[in-house]
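Letters are used for the chains, namely A, B, C and D, taken in the order the chains are written, and counting of residues starts over at 1 for each.
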């Protein structure tokens, strides 16, 4: 098994100069099904990261209690109440990328939501599963849908709950074995040395060697999940490379901020996304 | 048919030194009838652009669910619940410029709202029609009112729905023919090379040669619509030139931001409006 | 009648070095009775100006619909629902300075509110009357209470409604005559050349020669009213000088911002208050 | 009795380089039981300070009316409605540090809340009692729980209400005597020369010689309480030193801001926390 260090140049490869003749529909329709009454901030942070990454159209489906805070913070995003089944189904159908799980509560409602998404997602769509949705897959023995491209973004404890592998058992070979059993395409296994796995090449995996404990604060993972969803809505050449670039960028910005900050708050990372992305392409219209 | 490139100097011509002896009522009473439960951010972004352009008095009429987010973001604006018919009628009557459509939902309520505005607007008023209101005009075969000065701000798909012209059929001669049939005064046809038409001179049209795909993100059009409304509330010498200046300024700021940003978020464009407008006039009180 | 130009040095005279042995209760308990469902922003802008001026304890009494936007913007302030009579009475009793009127609606409720304040205000308190409360005094023939120190902050149209003087009749002699009839202590008559009157010296009045039409935008007066209330809560040596200093500071900051901004938004003026106040005292603890 | 000046170097001693192999659960689970309908801002300011200090997981339990403003301001924090007894108990159980009192109202509900916390807090937990909770301890003759480590953060008036000592009677010997009677571990007695007491060493106490009257404004104490809670969630070597460092940092930032600001607003102090904390450690990953 080869360990490949995820490189900074993945960012230059992935972040594209946009075509002059393009419009917002070319840059993804992202649907985030995130947040709850207790964890509303997770939804807001994920949505902010998606919008700030340049995604074309971003919709948050959440508890209606999170609507005003989202609009106050990220008016660029649209909002639907995820208890409105008709609107939710319509949004699922129209989206290219769906992120589910950041800031959900473990509840009957969330379980129905998860099943609804799993039953209605289609082949060409990308499904990113984060946070509570991951724990619920383990707890309720849900099957990850086969049709869409799936990305799981667990930390080690969440991966244990899905895979049954204790943290000490979580090695690349075992991880690939479980991914295969789960029919999962991509795994972002978060830790102080985050690893990225792609089922299409089980002979290697990527490891992040940037980032640090200044990122150890609530909301960091929600922001990462939103950033991955924004990248996958825009950059389609190579999904693995796109995921690697998003993960790298997230920690790269944190690392930059950590030069001057003891803790690198998730919302401050999101603020920097458009600026730092720009540094990875040459001036477009010079 | 002459194509005239919209020039930067339109901004110096339009943005006036304000008269010392003036007050906020000299700079327009703008009413924005925008936003809905799903698309509240559109209303907020349009309102922010109108306020930041210097409009004297700006009122957002929207779903009451958007009230708090507006006040948190742009306390300079006033708010009315657009389901309050009496207040809405009174606001329509008192306004110089009315923008309708950004972020409305296609619904019976919106249709009634649109008819209400079309029936009550008066001769000296300016009516800007954006977003969903444009699609609804096509879908429900509504007639654009004849009395006010009308500005339509469709992107190519919306123009297709109103005019019946497919995107490939949308050429200047056809566009003017449809404007004439619709009795529409000004058309801002948004694309990667936005065009501006004035029914008073059907021998030429303007084209924007600034801006770029960094603007391809949700909310860009809402911000433009708000900026046009703010400009038309303040600058009355030449409506065509005023519209051209607003459209130019919007992309000019985006272009400036794009030097350092991969994507130029609408709210960040609005933040720059007072600063960049200032650069187009000499110091007032030197 | 002597016209005295209000001078920049009024600021150095008024803005005091704070005593080392002091606490927030030394810097005023300000109660703002402002805002309504339509004009919530006015309340927020006035409160922000009071807090940013350094007032010790600031409470906004307003429609409950304005609560969340206030907390999102100025968490330093406290909030009470002004329909809660008991809490409002208690707040009136405890305050040193009461500002009423910015952003109120002309309604039966507001009229009751105004009467409630006028009936319960006490001798040592300062009462600042702004915005709609001024128009309502004229419309409903209310008497300004005699006991507290009263400051009226009308623009010329509002002064006409109270005083019965048309704008062309508003000259210093007539203004003093009306103030005397109204038993009003201080008048800030806002215009492009704002005038300040004190009933204790009817042989002269002050005039502002700073500021400009970049201030002609919604919310400017609300911010001024809040700033005056914050100053009067802190600086007690000479009420006239304190009012002059607040009025001067408001336009002085606007003037500074106008070097780089076409329009000087009220919330941006408030942001600068702590910074610009500091420039008028020498370093406290050098 | 020895008076020891609290020194700047306490900050370098307390603020630790984080271990590379760590995650957010290593940096504290902080529960703030703060705020009410009238004093929502206190809860938001305390929460912001805790989050910005680097605490791993921060939850605000408050009146549901404060939810949206919190999420708009500090989406990194989680929220529970403190009238939900089950959720509150569960949160109390899971937390390392509990702060109660900033911005509570004196009410039956708050009294029940206080008793609930006092009855359910456990031995290894840290309990910080601030604001109204302090006054209520005095008024209702509540006993401070013995099991947890307790920190009281009264100003002199609040200390009088708990201890029965008039402000002139509040000297170190008396303060220790009362702490002993109350079975209180740490006392932060706020004034223009804040003192810090630790029951483990009653022969000395610390005094702050930094800070100034620019801090005399509403919300300053709430921010301090939040900052202490964030520090105690992260830094465990020496509780006294940790408290001293938090108190020093709060006034140190205020002092820095006061170079350019007449008043140092609490929310502006919180903004600086990550930046100024960083200056007290050497670069972690050089």
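The rule is short, and it goes like this: contacts are C-beta pairs under 8 Å (C-beta built on N, C-alpha and C of every residue); 3 or more make two chains touch, one makes a residue touch a chain.
All of these numbers come straight from a predicted model, not from anything done at the bench.
Because chain A and chain B share one sequence, their contact can be compared position by position; here under half of the interface residue numbers appear on both sides.
Superposition of chain C on chain D using C-alpha atoms only gives a rotation of 90 degrees, nearest 5. Mean C-alpha position of chain B lies 35 Å from that of chain C. With centres defined as mean CA coordinates, chain D is found 49 Å away from chain B. Contact of a single residue of chain B with at least two other chains is seen at positions 68, 72. Interface residues of chain A facing chain D in the complex, by the touch rule stated above, are 37-42, 44-45, 48, 65-66, 68-69, 72-73, 155, 191-192, 212-214, 216-220, 258-267. The touching residues of chain C, counted against chain D in their complex, run 15, 18-24, 26-27, 51-58, 67-68, 71-72, 74-81, 87, 273-275, 277-278, 281, 283-285.
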